[in-house]
Amino acid sequence: MNYQAMLAAILLIPLLGALLNGFLLRSAPRVVTVSVATLAIFIPFIFSCLLFFGPVNAGEVVRTDLFNWISVPFQGGHLDIPFALTVDRLSAILLLIITGVGSLIHLYAGEYMSHEEGVYRFFAYLNLFVFSMLSLVLGANMVVTFLGWEGVGVCSYLLIGYWYSDEANARAGMKAFIANRVGDLGFLLAMFMSVKLFGTVDYSKIAAALTNELAANNAPMITAIGLCLLLGVTGKSAQLPLYIWLPDAMAGPTPVSALIHAATMVTSGIYLMTRMSFLLVHSHTAMTTIAVIGACTALFAATIGLVQNDIKKVLAYSTVSQLGFMVLGCGVGAFQFGVAHLMTHAFFKALLFLGAGSVIHAMHHEQDIRKMGGLIKKMPITGWTFVIGTLAIIGFPGLSGFFSKDEILYNAWTGPFGHPLLWALGAGAAACTSFYMVRLTYLVFFGESRVEHAHGHHGHGHDHHHHHEIHENPLAMTLPLMILALLSIVGGYVSMPHAIMHTLGVHANENIITEWLSPVLASAKEVMSAGHGEEGHGSASLEWGLMGASTLVMLIMSGFALSLYKVGPKGGDSIANAVGGLYRLILDKWRIDELYQGVIIEPLKKVGDAFFKFGDRALIEGIINEGPRGIYLVTSVLSDVQSGLVRNYLKVVFIAMVALCAWILI
Amino acid sequence: MVSMISQWILSLLIFFPLLGAVLIGLVKDNQTARHLAVAVSVLELIFSLHLVAHFNADSAAMQFAQDLAWLPRGTGIRYTVGVDGISLLLVMLTTVLCPLVFVSSYSSIESNVKSFLALFLILESAMIGALVSLDLVLFYVFWEAMLIPMYFIIGVWGGKDRIYATTKFFIYTVIGSLLMLVAFSYLYYLHYQQNGVFTTSIIELYKTAAGLPADTQLWLFTATAVAFAIKVPLFPFHTWLPDAHVQAPTPGSVILAGVLLKMGTYGLMRMSIPMFPEGAHRAAPVMLALSVIGIVYGALIAWRQTDIKKLVAYSSVSHLGFVVAGLFAFNELGYTGALYQMVNHGVSTGALFLLIGVVYERRHTREMSEYGGLAKQMPWYAFFFLVATMGSVALPGTGGFIGEWLILNGVFQTYPAMATVAGTGVILGAIYMLWLVLKVIWGPLKNEENKKLLDCSPREAFVLATLSIFVFLTGFLSAPLLAHTEPTMKRLQESVVNKAAYKTELVIHGRSQEPLKVMMDH
Amino acid sequence: MSENFETMLSMSFPPAAFYLHAAPILALLIGGLIALIAGVFRGNPDRPNMLAYQIGFVSCFPSVIVPLILLAAPGSFGANTAQPPAWLGSGFLADQISQFTFLIVGLGTMFTLFMAEISNAGRQLLRPELVCLLLFASAGIMILASSGEFMTFFTGLELMSVSLYVLVGYQRQDTRGLEAAVKYFLMGATASAIILMGMALIYLNIGSLRWSDLPALNISLNNPFGVIGLLMFLIGLSFKLGVAPFHTWGPDVYQGAHSTLTGYMSTLVKVGIVMVLLRVLGNGFAGADGGPWVAKVFWVLATLSILVGSVFGLVHNSIKRMLAYSSIANAGYFCLAFATLALAPKSAEARQAVLAYTAIYTILNLGAFAILAWLEDSSREDLLKEELAGLGKKAPFAAVCLTIFILGLAGIPPAAGFFGKFMLINSAVSVGLVGLAVVMVVLSCISLFYYLSLLVEIWLKPATRSSVNPQDNEDARDVRVLVGIVAFASLLVGLVGPRWVASINPTFAREIPVQSNEPKTGDSRSENLSPAVGAVNPH
Amino acid sequence: MLTLPELGLYFSFLLFLVGLAGVMFRKNILFMMLSVEILLNAANLAFVCASKLTGTMDGQVVMFFVMAVAACEAAIGLALIIALYRTKASIEADDLKALRG
């Protein structure tokens, strides 16, 4: 089989789908649009499977150079940047997630958007997004990755602002793009530094060029690359301090939130860090910073999630928090568990978002959880799958989140760059997660129904036949939920902790994910073990202990949430009132947006105004305009010398003559 | 036959539009004149394809050269033209943009149509002339000749404050170019002092100029660089640009942004840097600092504009700052990026000005607040607007990305801190462009007048679609395009790094000749 | 020492070649007399006299034909090109510079006569006396330009000046014309006296009136008589040329005279004076520190002229006055070449630059004043800038031509003026006057403002009630043709003209030949650049 | 001890200054014209003295030419003054200030 062509096809078919939908099929029937879009993802999914189980499984790296993209002479040689794709074990995982989860979400979206006009635009964007995401993941060098990196940013911009008639949506898209751009600058700088240091941006060539010696000699530069990459990651993967765009990004249609803002795009930071792991591990500073940022983000976002009332906002902050976990995992050196959590998170968070979308769809775009309740009776599939998703995310033993999260937490304590404090932050975040997810699930699906029957018009081209009765959505929407629920249950077994493996009697040195990613992470491992002696200062007992502790915390917090909210959304009010100021602060998301607005945006605007008023208008224009005007004024006065009187003219001549003679002779 | 054509092709490209201008003078009817102008410029484009087809991409020499006697022999001022990797792309940019501008002028120019078309053809002629001249005086003549048509285009067909704007444009440019003239004149005599022969051949003067003492080089560099910096325009010489852009009619803005501004950077690349490498080295920190300031300064001001055209004009200040920065990075990445960015800026900003023209013709206002929600009423327009915006913010996949990436990369290799500051321009660029899109394209369609707007006519759509295709083509086909420039860039780098003379030669239909020998033969 | 005088006496009948070479002057003088006589016998003296006009026109023919022949075929009539002949002692130098001047003056005179004939106001002037005076003035200019010693020079200068005093005040009813004439007379006569005093002092120093003996003039600073004499002479000439600070008469006189005559005065008169300065400075002087101070003087004069010409032109609304200041600025450009010549008298570049700029400037200014005269015809004397508003619409052809002239005067290529200025700047830079070149160029930017303000009125402003309404009659057609030819010529000169000018041998008669610009075998010509002071034996 | 020609020369300078003062400070055009004549005569005297001092005849010839020219100038000047007087009824130089600026 021609795997190279297949690789190219995986990338190009979604692009083709986007072009077809965007240009040719603008007026095609909805079903054609949806089918084309879904197929454009599903066919690559099949190819991806073939690749995954074929050459990648066999340990090969498939690479194809589509064309020579950038080629410039540089330092006597050549800086060649081909448009090259490569799939190895890391990208293969993401490939499956993107195309697999992507197909499910396309299928779902076809139904979800059924009341919209002109969905071709939506599906064209969505296909374009998948194309970008694939080029991000498949790029053999940083520039191709960057193409995808910014491409997903643009698609996200377009999709967040899909309902552009509401300026707030468009603004949210813009905010996302700009926050991402800040991160992109980091990525750019990282590229420039690797050009400076290695003369190439190709991952494999960098890896080959990066010897321990080189790293030791250029330690500051390596650290700088690491930190710049981190800046890129904070942008794309919504970490502190650039996470602010992700909650606002929920303005987009819910399938978008599921696909882009939960399963794929936001995790590209983790992909990038894993891809560059061989370099990052050379810098202790960079790794520590990554870990700290991840841990802080996890806790910070989780606290905000505690009090939100918008179903999607809760999930958004939850996403930020979970991404924090993944970053933490990478930061402590456990890249493989970052990836594992990426995968499980893709399953359960997509599930949760789609479930939320299902609810929202059924409730005609109502998103306030205080107006829901008891929905599980009316929407059993949505409800129960949502519950599975919740259990997975809070780390209920046996479900996927439990394994991946616990591996990260364990490594946060014991990993090469780990520290108990990092574990504490992570565990705190996990505790909050349990609380707000249980709160969310309970308020939406259980207890009394608080559904109001009179709905305002939530425009967006929504047609007006009111379903007064809330009922389960059709199969196109529930099927993806069920598949994802299944995956959320089993997905975690790839990263089964050693302790459990031993207990279960699995005789493998490493769990599946570690084994699978070992070619990708080999050099990183080597460096880490060289730098920190024997890996893992942990032990089975510690692992069991930490696992037990986090399970306990999870159970306590879940129980606490249940006990609080079994009376309805007002259940938390007593605590909220007790800590009034803090509550409002958290409800306002710690007022970080306002802080940025006040500290960065507004001053920059003022600087822009000042440049315009004082720099351009007053200073430069002043000189430009007032100079000639001054000459004019002076001349008007001077021209009185030309008095019209001959005597005076002659005097001028005489004086000038005498002056000249005097000047020459004296 | 081919060699015959190759020998005369540049002269044909220079003078054919002039002939067109004369023909337009003979035509009675406005509509016929418009068709004629389009035909002339399309033919010009077809002629220019000969350059692409027969350009030897492995050579840094001046190809398709022609070297004829012009002024008295003793003065050494000759009619010498030729293209190398630097000018080829820009000539192509010119010949591609001009037909599009003529097509767009069908609706944007209503009065004095024939004069407009004739002036525009003269302008095209002068632009191509300036790009292919290899003689300082010839270059200067074309350089100034560009000024006069543009002066009238802004002054006659412009907006309310057109007289102020056009006068400012004219005087700014002339002040700069006079300084350049003195520098050229001095160089001319220095060459004579050293070699006993007068010449204004750029190729010969490269050799002389590079051997001058550092101080002399610095002075000469400064004099020429100021002239070019005004044209670019580099901060702080930029204030003519917003006025000129805002007042110019749409075709004028397009060609101003698309080609005329590039003349400044082209001049830096062709004259200032290779002629005075030592001077350029000394001045590089200042030039870089100015361009980086310009990037941030222009971007911040652009963000705060309410007039769409002014916003785009200030964005040009910012973008051209990138180009200049790339030139003074002194490595091939920077030069290549700068050259490429000139082309890309021409395409994407040209498209933006055309887009502004489309709504301006319908609504006669350029205030952002008058618009909003156009995506609903004008979906194709919104699409083109987005494409141009993406080109302008240098999204990967558009040519702008490759240009900016190479530039920033090049600058980073030599001045990492400068590159980092310049990099913020990428963020700010996204801010102001998306702000523009937000205010014009997205949001609710509130204004009653906008509810009646028609989407792009087929003619407008054709022009915009062509440019949109170019936005992406340049984004992916950069390697074959840049292959043409590679030998030239290498030579440039050799000359700058070694502070040695820039070496090149004329290739006259196939054989290469030392210009001096050619001079003796005649 | 009085060889000059004695040879003059001994050569009472010059050879036939003299009459051929001097035919332009003789024809003008004779033609002027005939026109005057014709006027006595024919018609009403207060009405236009076509016969006189025709006589005048025909009298100019030799001054076009003869120089063309002599310039095109320099070897004809036994003339030695390397060493051009001179007759009447040094009184008449039959070199190519003279022929070149004859050609310009002849064409300019014809142009002026023609312009007078085809405008209403001009026809009012066209009486036998005018033709006579005009021809005499032109003859004076030619004598000036072809003389090689002080006496013929002074005769020519006075012939020219006296005719012009009358011409300026020719419209007897017009008080402004009269005022201008009186001012011109008083100041011009004073300047003549200053020149004369300077001549006397120079004569005192060298004991000769011939300019070819000027290299014996010791102008080092320990010889004050020499210095003051030369200074007075140069100041007097600067006055006639209208160089600041001796320009004060210029604007008033130009404004007061009829536009046709202003065009004549601002161009051809300057041509004569420029040639004199060229010949005087081109000989060089003795004294080690001589050249530099003369150059310094012209440095100052050039700077002041360009400054005054550029700055004072800004505040005026009268187009004529503006053009007067423009001509002061342009006189400053000539000073650039004179400064060069002071340092390097044999500089072929400077000499050719002067010749080229003379031709170009004459074409541009004559053209501009011709259009002005035509416009005034349908409006009134002394147009204001605002009255040109909308001209581009009303008379596009005239407007285009005027634009070409204005751009030329501003020195914007490809109009002709650029090459003239370029050559001048080149010549200055060639002797190290880089600073002066920069000053000139920078200051001339200021003059762009008023040149542009004219263009703005013509093209960019809509017509107002006060703006001129050029008539469209037969005269207008003639004007169009004539001005069109001039405009075309100026463009042509702009593109290929200097080529022709540079083919003129700039060697003076009675002078060691200056090697021309043509590189014979690509040899080095550095000896031309070295100041030729050394070649002269000090007195 | 100055010789006569030298004395004449210095006297001519004096005369020249007198003439210059005349044209600069007199207000009557007629007197200004007379001052111009003084200027020319001063130059004439200088020429004659120079002729004697240098031992050449050229200067004396110039003197005759200048006398003729001075006569022409005087004629023209008087004619202009008469014309001026006819139109303005004044020959004060300060009345001539219509053209200025």
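The first chain written gets the first letter, and so on, giving A, B, C and D; residue counts start at 1 in each chain.
Everything that follows uses one rule, which is that contacts are C-beta pairs under 8 Å (C-beta built on N, C-alpha and C of every residue); 3 or more make two chains touch, one makes a residue touch a chain.
Note that the structure is predicted; figures quoted are calculated from it, not measured.
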| item | value |
| --- | --- |
| Pair joined by more contacting C-beta pairs (A-B or A-D) | A-B |
| Centroid spacing, where centroids are CA-atom means, of chain A and chain B in whole angstrom | 38 |
| Mean-CA-position distance for chain D and chain A (Å) | 97 |
| Approximate Å spacing (C-alpha centroids) for the pair chain C, chain D | 26 |
| Separation of mean Cα positions, chain D and chain B [Å, integer] | 64 |
| Residues of chain C whose C-beta touches two or more other chains | 182-183, 186, 190, 194, 251-252, 315-316, 449 |
| Shared interface positions of chain A, touching two or more other chains | 639, 642, 644, 646, 650 |
| Where chain B touches two or more other chains at once, by residue number | none |
| Those chain pairs that satisfy the touch definition | A-B, A-C, A-D, B-C, C-D |
| Contact set on chain B toward chain C in their complex | 70-75, 137, 140-141, 144-145, 147-148, 151-152, 155-156, 162-163, 166-167, 170-171, 174-175, 178-179, 181-182, 185-186, 188-189, 192, 196-197, 520 |
| Chain C to chain D touching residues, read off their complex | 1-2, 4-5, 150-151, 154-155, 158, 162, 165-166, 169, 172-173, 175-176, 178-183, 185-186, 189-190, 192-194, 196-197, 199-201, 203-204, 206-209, 251-253, 255-256, 315-316, 321 |
| Residues of chain C touching chain B in the complex | 407, 412-414, 418-419, 422, 425-426, 429-430, 434, 437-438, 441-442, 444-445, 448-449, 452, 455-456, 459-461, 496, 498-499, 502-503, 516-519, 522-526 |
| Chain A residues touching chain B - in the complex, by the definition given at the top | 67-75, 79, 83, 143, 146-147, 149-151, 154, 157-158, 161, 164-167, 169-171, 174, 177-178, 181-182, 184-185, 188-189, 191-193, 195-196, 604-605, 607-609, 611-612, 615-616, 620-621, 624 |
| Touching residues (chain side chain A, partner chain C) in the complex | 628, 631-632, 634-636, 638-639, 642, 644, 646, 648-650, 652-653, 656-657, 660-661, 664-665 |
